[in-house]
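To start, the structure itself, in structure tokens.
Going by the order they are written in, the chains are A, B, C, D and E; count residues from 1 in each one.
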């Protein structure tokens, strides 16, 4: 059982301010929940590095290799000379390569998204449904009562409409 | 556009859109019943008839071995072109007017692609062996022929279908979460699964943004390649009037053109019958009208270029193809196409025209009729007049084909009607992004499902 | 040999353009238009040999007849100075055949005898090969065909009956070529002799306008015939490299 | 493991069983149905499963008598090809001949003896046994013979040759009847008559097309259907391009371009019926220009004085320059040949015309010479010409029938109800005959009138033989043998006749038990009087080797010296053709021509032939009317417009085909379609132009002047789509059929190598 | 409020189980059909035993299937061939009496085809036998079979009873033996 202090805000800017303050106060497992992406999160909570682009790049490279190998390899495995072309015919195989590049690029991007965003969620996490509508929430993990009090104070101070204590199964 | 959405609150967006999913009036069921019934009667029944008796059920012959099925295939592929492509382009260029309409536009892409893929099955002589066109290891050690433009098609369409379904799904995850929070019973179960446990944390938003952007970057060239490849089905042949370098851009422009017109139609219907007046506004129609004007000019230009090169080539075959197209058996269709696709869209010069809904609807339908004709003419006229005059012949579609074309529209409508009850047809979070932050606290209680729906 | 080795070896070997034009045989046909009388004996012979369907009046009216070899006619001039030219049109067995590249399932390909062939039971019926063929000699089975009993007893057991949804075309009577090779093997010969095998159309041609043989063999009748100054190929400008060569009709004046 | 509720359990069981059931049925439905391997009870010696066996026999689809080889597999005939050993066909065969398979396997064949159950005209027949049928016929024959009224029996057969014809002779003679007739619509009576007039003998000569260098054909569609088209085609091909540095040239003179006209180097349209005048015009030119230097030059000059070039040009419509050019080339070419027949002979002046053509041959001196006209020896066996019934004979028969002088008519294969003009009233006459017996294999128009049908085998199931007429320059003959066992409860024509003979107690004169025995006896005679080479082995060896080779021939050739018959020169001259109907009411001359596919209509029940595009027009399945483009335009007619072709004797309705190569005042229609019965492929398809012909005859021979009927064209305002393969028959400058100018080639000289470059020939590398 | 997808998955589990059972049943049914109604080893009109003839008595295959070495088809012996021996041998056995009655009525025996190739396949026994290939290579251990069963050979060379021939089988053998144009489609297809 892990406890969180969760402050609800009506404005993204105040939520962002609260997060900034909490970060400044030494809370580091912070989460912002919002109905829309908030601009400027990174300035407050620090640069986020995403592995997705690597996935995309790798997927594309893999796809290109796969596509060409598929086309050229199967052509060699079973010879079907057609239309006076060489067995390994570069121009059409490049089209296959191109399509496979995109195909695997897409698939790997999705995989990257799933991995880096920790979705799908197999256990319940801190969540308030209002953040899906019009509330901006800042949640912060609190090890003990004292932590919670401090966080609550900071949240209130930043203009939280409401501060809740929520728990999360481990 | 802000002017019209100003009085909207965040919560209203949720309410409106969740309501559009959950609350279903009898009109919907009637529409679904009619569309589904027509799809069954006019699409599947004739198709099964054709499967049993052979392609002979269609009006195909020698030399008209390709007919409306292929024309329909290109038409539907073309229709699919503006949804995801437009959405991607507008996403990357950060246009805000995209946000209210892109979801349904993408859905249009998805479903027209599905219908197009079905037409592949309808078109081929032995669809029960269609899996041979897919690369998979088998005891025959036979692989598909990767040199064939048709196989490029298989690869491109499979990729495009995968890509655009992933794209629409990825963009909908936050909305699924929003709908999840407001529904109960089986819908809640479904949306729980669909939303994958989305919470809207900063991390998730960040990852989604990047993934979405990468997808958009990948899908734009893909979409262009898809229709280029479709054009190569024709252009790689030696048939006079088909064997042309201009075909790829011609097809791509035509595809975007007909797709944009398709979006206008869909927008009109959504706005009128899903009560999205506040989201889909005159601004959208205005912008789409401008786009249509631009595309029609490009399309007309390419069309003229095509005619000119044929005329300038000074060969018997090209001349014959040209004069047959302009004055032959199908000439009335050609002039109909010019009227609908080159002349009528010039009306969009007028701002008043662009912002009048019904005229825009009529125009968009006319453009798509014209574009269907264009596809039919590409197949019909050129195959009728090839190199050996003694083998010339005329192809006329049969009743079965006509019925299947009609049924395909019903099939598309059916799929779309099912879509609006599952997907939030306007993106909740992106609409919110265009709005000011909320000032009134919302009522976030779950909306009760209508009477009689299973819990 | 591992797949990788096969691939690398294949890469080295098969990048060579036209490597497989080193055919075992290179069957070819010449058609002397000066001899052709348009009698259509070849058309009937082909129907008999290759189980071509009797499509019936309605289907024929729709333009769905099947004639692997057909006679095309071209009139020149006006009455009374009018001429009619016949030209038998059959699969040209192009070495650079556009129809082959387009088949997505490799149902049509070039075999080691230099023949453009169609594997009927691999065909899925996209009909694109028929579109790509500039000679329009590929025929599609729009329906299943039926032979009123006992007409079915005349069907050649060496040739399969094509089902609906399948493309079919002239094979240069590959079953006869196969039989000839078989006979040659029985005789302990490595190669088929010139004239030993003739497709049904060539066999039947009453004016001997059609000549068939292996053009790799310089002494064969067909190779000699191809050297005739009258030789030309239809639609040569398309560069499909046909194996069927026509000999021009002589325009005798005076 | 969670506890499974009862309900859950039932659900699972239910789902499982549905799955199992579906899986079971799935395999059941995709399973291949069992096939059977049916062995022989006793293995036959002459064929093995999986191995093709070839039998040589003779084609009976027309009267040319081509030798054929039939490929059989597992006892079924699979393909017919020309017999390479046979001098007529030399391994080649026309489309109609190859379609013989569909005679054998025709689904509309008569499968057993039938007798009529209703009045004539109805089509109800009941199955009877052979014994019943044969004894009914034989009893009647006996009765008549016993009463000495044998002459009231008539046997009307299609033209058959060989020993079957001899058997017919014997049989009818024993019955005491003179009325043995062979009837073929296209039998060249006029040609025989012209030869008798000119050469004094009633045989067809051998036209040496193979070695000819210049051929003038007056109306004879020798490549299509005249006399022996396959053999002529062989000669044509060889003459054209078979000899180094020599290319034969062909000129066709006829009002409507036939297939031979298309193949010719030059097609010349002379007015209908004036071909003979043109021939004499050419002859006149030969005489006046001094090309002919014979002893009888003066007689010729005298006889031909009226045929000056200008006069002939006026009469025929052929330009004077053309006439002189043709005559000069004809005279100067080393071996030139003139042939006549077909449409040129189907006029009231047919014999005159053909005599005139013969005169051309005489004057150019090609009689008995290579590349000219060779005289045939006596055929080794019987040929049917002497018994061939002309139109006049058939009218006589009809008259006799109407007068009640015919009591039994035995029909064998021929179909006069279809091939006689309605004006002849033949069908009505038949109804006066008390007993009509048909031996036909098919329910054709004439057989439908029969009282008893004793269906015979097709030629691929029965024994027979044939001596080609015209011969090939040396005595030859071929035996036709059954290539498959009979499909149905039918019997060979010969066997039926033999059985009837036995029934009637004629076994003394006709001692054979079967046609095979009859043939063997007949051939034993031929064997005994044949040359040394033939008689080296015993008859059995000879017989077997002949069956194997499919043909027998001798080396001996006839002496080719020739003298002109008495009085020919004085009587030479071609009368103007007479036409039925006045030119004012009926402005067009109808030219019904024999179709390559259907011959005189006998091929109409063959699906291959129905689907075979017409050589000239590519039309299938139906009839059409050929009109000159100018005529069509004048009448406001386009392709597919239905018109009524009306003669003084009736009208037929068919769609227009605009035909670029026909004279403006001639309309042509193909013969062969328009059957009212004759199986599913022929029935109610197209029209039969013979119906509306007038009973106009050629006076010498009494043969039907089928091109001598005038007609008018009445537009109906209706349209049909002509079923044909051709789209547009103009090549629009695409150079599909390319032409070669030999004079240009020899000048440049370098063209040879450029041609080669475009077609690389690889050499053997292995 | 829950965000985890696990509860939703739990809700779907019963339906999934039912689906899985049905799917599994499909295979069971298919297999049961193969077991119960094989079609790969049909019952013949006369219970002819290859084991007795080819196995116990060691009669060479081509004594009866005489066509095999010179024709595309191996052929089945004519009734007279059977009677050649059985006019004397084992005449009293019930199966032989059946044979005798066929012979007396001069009727052929309607043997059911076991080894069947589709119509589009060209296979010639002659070429394979002249290449020295044993009949058993394709037909399996016929000399041990009471009733002929469809047999194919796996790539490792073992026999698989009840499995029909597939294209891969032909290809494999042609590749292993490096047949001239052995993988050319028209070598086997027609």
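Keep this in mind: a contact is a pair of C-beta atoms (placed from the backbone, for glycine too) under 8 Å apart; a residue touches a chain by one contact, two chains touch by 3 or more.
Given the structure is predicted, the values throughout are model-derived calculations rather than measurements.
Asks: Please report the minimal path length, in steps, between chain C and chain D on the chain touch graph.
Replies: Between chain C and chain D, the shortest chain-hopping route counts 1.
Asks: I need the common contact partners of chain A and chain B, sorted by label.
Replies: In this structure, the chains that contact chain B and also chain A are C, E.
Asks: Go through B-D and D-E and name the pair with more C-beta contacts between its chains.
Replies: D-E
Asks: Which chain, with its centre taken as the mean C-alpha position, is closest to the global C-alpha centre?
Replies: Closest chain centre to the overall C-alpha centroid: C.
Asks: Averaging only over C-alpha atoms, locate the centres of chain B and chain E and give their separation in whole Å.
Replies: Result: the chain centres lie 51 Å from each other.
Asks: In whole angstrom, what separates the CA-based centres of chain A and chain D?
Replies: Measuring from centre to centre gives 87 Å for this pair.
Asks: Once you find the CA centre of chain B and the CA centre of chain C, what distance in Å lies between them?
Replies: Comparing mean C-alpha positions, chain C is 42 Å from chain B.
Asks: At what distance in angstrom does the C-alpha mean of chain E lie from that of chain C?
Replies: Centres of chain C and chain E (C-alpha means) sit 36 Å apart.
Asks: Pull out every residue in chain D that's touching 2 or more other chains.
Replies: Residues 618, 725-726, 729-731, 736 of chain D each touch two or more of the other chains.
Asks: For chain A, what residues touch not just one other chain but two or more?
Replies: Within chain A, residues 75, 77-80, 82-83, 85, 92, 120-122, 125, 127, 129 contact more than one other chain.
Asks: Two or more other chains in contact with one residue: find those residues in chain C.
Replies: Chain C, residues with two or more chain partners: 21, 24, 65, 72-74, 98, 101, 103, 106, 109, 122, 235.
Asks: Once the touch criterion is applied, which pairs of chains come out as touching?
Replies: A-B, A-C, A-E, B-C, B-D, B-E, C-D, C-E, D-E
Asks: Help me check something: in the complex, which residues belonging to chain B touch chain A?
Replies: Listed in rising order, the residues are 9-11, 14, 135, 141-148, 151-152, 155-156, 158-159, 162-163, 166, 170, 173-174, 177-178, 180-182, 196-211, 214-215, 218-219, 221-222, 225, 229, 428-430, 432-433, 437-439, 441-442, 444.
Asks: In the complex of these two chains, what residues of chain E are touching chain A?
Replies: Listed in rising order, the residues are 1-6, 183.
Asks: For the complex, which residues does chain E have touching chain B?
Replies: 1-5, 7-9, 11-12, 166-169, 171
Asks: Could you list, by residue number, the parts of chain C that touch chain D in their complex?
Replies: Touch residues, chain C against chain D: 21-24, 26, 32-41, 43-45, 47-49, 54-55, 57, 60-61, 65, 67, 70-76, 78-80, 82-87, 148-151, 153-157, 190, 200, 203-209, 215-218, 223, 226-236, 245-254.
Asks: Contact residues on chain B for chain E in the complex?
Replies: Touch list, chain B to chain E: 138-141, 177, 181, 188-190, 192-193, 195-199.
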